[in-house]
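Lettered A, B, C and D in written order, each chain numbered from 1.
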């Protein structure tokens, strides 16, 4: 292992560097010059994102605890894009008096969670995985509680932290059992080691499953999500619902496809049940919501349920569709959150009924939100349609009756979801309103962020090579 | 750019053009021009098609273009048309053209309205030219979703409810479709080889029997929902009642045809054994919906409801004839699609005009319109006569082809159903004449109506376009019927082959 | 010989219809009238030429009149064998019909120039007249069943349009609706009949269908097989033909499908003369005649049905006619009765040679009847024109006000009563002979009807032109030349049409045969007719109280008859009460409250569930933890249990 | 390897610890106590790791490593938790978990 091989960790290293720069900037600047920090962080992260796309060779570090593969690289890039968009959307929030003091904290904490996720994704054994997981989770609680002056924010923080502690406790308990059974926590050993599957392994699997299900917010481990999403500052919510969830999905898929490959007949039925419940519960709760953030929270729970459809397929195609869908989901959901955050930061309005007649005053934003929701609902011509269709293809590829039934249930769920995704559309376009939200001019950063996600939403769908590229690297896992 | 893709591109270009316009005047002009071009293109396509066939080109689909899109799923952008598709495209462009003119006075958000309308249109065109199931489905959804805004935003009455109901029911249909389509896809190569979405490819292989039996209902019902198959038709009365004129025209005139078209192009063509075995079940449903719809129409007071129910009856006849699975009947079915498309579009256009003047659709509040607005009234009578199958108008050709064709069926049960279906022509006459009698004839009930104006020029354009089409088909049906008939050959052959074993 | 020019006979009216119809308002009334008249006039001349060519020059080939296909195109293909052709067939009956239709139509056109003068929809009226003429002509020259069906529908609709000509008059609208729907219902039978016939024989073509061999059997083998298969006691061919006859019965207002005809009198009188007396209503007779070989040879049962329906209708109508006061309605019922006559004539007839007398007679009567009934209607028209009322009660002693009408009407009256030497006398006589030779009960009915006819026609005639001296608020005057000339022309035909040696031209098998006069039938029947006239003379010639007494005497019977045996009411009950109120209403209800409700039900249930499970999201982080744990443990239990199993 | 103490005995203890922790987490109302309960869970796990390493795979170190990291992370977690709890106290004027339920349904 030489210095050169550190390049395999370039995402993580660059991020650490950025954190340090931000920290120094914090120390170096006077109080009245703090406003440059946010743009600085944005620029630096932009560079980081670009670097991510540079070609790299794959390999492992630390005796296999850390492995860098092309597919991991793709995952990280996807997350980078998401974070970049979020950073664009975040800029505005630091003009306010309350936040001006804590710009650098925000970015440092944010980046540290991202690093955690990166380590989690490219983990080669459960120790690394666990460390990554915790680095990703604990600071998130801090972020959720970022608005110190808000009850809801504090509540969100504590709820997230306590639930995550419990879940990681259970996860760890499972891991300890795994260790007892196999004597090793390296993925490779677990993959290739020859051993009979005992109920101990099953227990491990289930506890591990529960831990991940918590991160991905699958029913019945989802309950924290709605409250936290609602309470946290809107950008943190989008971060939670897209980046954190996405990263969890990635590692979850990888682990299931590698470590627990031989356990398929256990986790597939488990996932079968959970998928159905997640879709149903997510949709049924989303039906009733009026608060936009809470609404999106439940919708993202349902989306997670749809993601399972891809994972359950248990094939390279399945994995590819999952990653592809996450990419689509990043763009769609961030577009939606972008509009929501604009509305909130300009007017403080947060409910669907506030949107009544929104199109008459702010047509562009309404159209953007509509497209985002259509994409989430899986309606052409936006990418969501392709994403959903491919997920369904992945399920159908198993081509046995139970999976056809699962598909049917999923399809019926899309109808329910369509209903509530049309609700905001109805509010914006159809409902009459004497005093709609007045026209406001949104800042240039937010606009850029929104336009990135919108272009993404269209391009990712129609440009087939993106999917093909992802698929190419999914084989051999 | 090939001749077929233009049919999708031109509407999109028109939309783009509309983006640069200001206000109603510019918008509608651009839209009218664009769709005018579309209409010309449609006729050109017809001409080209005949030219090709004259060179006795035997291939099932003409003007084939094929680009690989998603390699790993073997999804192509693959287009091509046979006689049926050409006919449907012609129908669509006529109806859309007429639709543009009958929404000439859309004051509220005109740009958005026309864009949505054109989006719908491009979806429909795309559907008809597609050979690849994936793109076909994509266009299908593209055509359905604008309905929500079109009805919800520009509609009248209980529009939010109707719009939501319509969207959800149609999307429910498409949900069933996805399952069916994927089922087809994953069984498209039972003996190894690459899976495919291409209809022509799938038609070549013989899908295992039990698979067919499993997926046929999903596909057939999925399309049937849009084709107003009893009992999945209930979106139609409310939807039509609340929709603005042009939307009702396009929806009943064109969109509902997607259902019937898909039923035979996808469900029956690709799953012939199942079609043969399960046909009887749906045959009962359609026979019911023919009679049921007709009787339902008698009891209505609202013009649009009357028409919606008559549409249920007529579209029922389409699927009914398709299920007879012989050339003549299916030929009739497609003729019926076209004829119903034209006349129901005319109906809705007229209802829109009448409503725009009298601000009521309750026939009992009107009367004696014949004297007040003769042009509209005469057009209404013509539409009515077409709908009750008067010779010389398109309806007769379609219905007679259906009846004769269906009666050719060897099975007694089918022939009995045919006789039942025939009885609808009487009931149709009853409700049509009832409306005509109450609405147009008799003394003027409401004195305020005395001063109402007759049709404006743009309304006349939309009416005359449709009437000409109706009469043209009614007087000289042979070319159309032959074009469709020869294109039906592969489908019917497959079905008959299935019937034998 | 090329008969293509006959196409012009049919197409001329069509062109006229389109020109007048499209130009409508922008065309001066006079021009429209002239144009319409001119075109039908040309058709008339062409028809005469055709008749001459057919009957005297080319038609006859070794003693048999041929079926000549003058022109035909394939209009629509169903299968390789089944296709709708449009064409012109020339054979005795079609040529005869061409003559009749064009003649009457021409007269009516001329007449209408006067009668409709100054009407608002003058042009519309003429365009509709042309449309009707076109359709009717197309019908009679139809080369196949389906062409016939097409024009069948077209005459139906033009009759609808013309009955509803005064569209602001509710009664007219109702009448037109009734006429169309009733005939439509009949046409359903016609259509199904066609389907049945074509399914077995695989053709619509008349020539193929009615092709007979030398020994007088049908050549089409399929029909024989149809004869074999029997369904509910009748052979399928009989069913098919009965269903087809149903269509005919509808158009020809045979019982029980006659209800529309009386109401149809709401239309302008020329229309009644043309459509509802002379031409369209005999389409049924023509249809049966057209298919006569099949009826006579393959389906005698069906023919019996025709006979009885005809006989009954004629009697039924004749009885009702005796009680009506509306002059046009009396004529309408008499029309129905006379058509019944023709039907029964066909019914009693056999196929071929002398046995085909009934056929010839029926065609003969069709022609003569067309003439004098048209005359009667036009006469009635000119009376109404003068008196501005339809009711006989408002009329009387008109002879001195309008002499021409009086005389011409008188001639027609005598003709229909069967006064010796006039056209009606001969045609009726033939029918009666045919009836007597074949079926005594029918013969008796026919005789009775003859008497009744004489009675009610005389009643009409006397009470209009003689009878009580009525006070008119403005004195009636004779109609203008445009109206009287047609009267005279038709009067001429009404007298002399009877002298045409019909059996030379129009016979069941195309071969001429000789008819000789049957005094033994003619004399008694004439006497009976005179008795009828006599009674009428006594009752109505002078103002007398006897009629009222009579009506008083048999009150119930009278009112029943006066109300046409309440048939209309029965129909009304079935349609309004049962079909509309019960069936249609309940279906509409069912659709809203059952099917639609189910669809909405899904939504309701979803919402309900979503509300009922909201407690899961309690906001208590510890409850979340509990659920979390329970979830994990439940899975653990389930799957570990499964694995160990 | 400690004389007279089998792996099972220790496992019983850790399992008890685990479930006591869970119980505490679920029933105690004071946020701090809940936090302590969760620490109990983590500690039971780390003991597990150590014990398994010691008894089953004496020649490996992975278990010990894991235990150390668990402890470290637990510490970090506690820090953040306390911070948030203080903030909660500021906002809600109590550290009773039952009061912290502004957002529900």
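Just so we're on the same page, contacts are C-beta pairs under 8 Å (C-beta built on N, C-alpha and C of every residue); 3 or more make two chains touch, one makes a residue touch a chain.
It should be emphasised that the depicted structure is a prediction, and the values quoted were computed from it without experimental measurement.
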item: A-B or A-D, whichever has more C-beta pairs in contact; value: A-D
item: Chain nearest the global centroid, as defined over all protein CA atoms shown; value: B
item: Separation of mean Cα positions, subunit B and subunit A [Å, integer]; value: 43
item: Approximate Å spacing (C-alpha centroids) for the pair subunit A, subunit D; value: 27
item: Distance between the centres, which are taken as Cα means, of subunit D and subunit B, whole angstrom; value: 66
item: Approximate Å spacing (C-alpha centroids) for the pair subunit C, subunit D; value: 98
item: Sequence positions of subunit C contacting 2 or more other chains; value: 603, 614, 617, 619, 621, 625, 629
item: Residues within subunit D bordering two or more other chains; value: 22, 25, 34, 100-105
item: Where subunit A touches two or more other chains, by residue; value: 158-159, 162, 166, 170, 226-227, 288, 419
item: Touch relationships between chains, expressed as pairs; value: A-B, A-C, A-D, B-C, C-D
item: Of all residues in subunit C, those that touch subunit B in their complex; value: 74-79, 82, 84, 146, 149-151, 153-154, 157, 164, 167-168, 170, 173-174, 177, 180-181, 184-185, 187-188, 191-192, 195, 198-199, 579-580, 583-585, 587-588, 591, 595-596, 598-600, 603
item: Subunit B - residues contacting subunit A, complex; value: 69-73, 75, 134, 138, 141-142, 145, 148-149, 152-153, 159-160, 163-164, 167-168, 171-172, 175-176, 178-179, 182-183, 185-187, 214
item: Complex contact set, residues of subunit D against subunit C; value: 22, 25-27, 34, 97-98, 100-105
item: Footprint of subunit C on subunit A - complex, ascending; value: 158-159, 162-163, 166-167, 170, 197, 199, 202-203, 206-207, 209-210, 214, 220-221, 223-224, 226-227, 266, 269-270, 281, 284-285, 287-288, 416, 419
item: Residues of subunit C that touch subunit D when the two form their complex; value: 614-615, 617-622, 625-626, 629
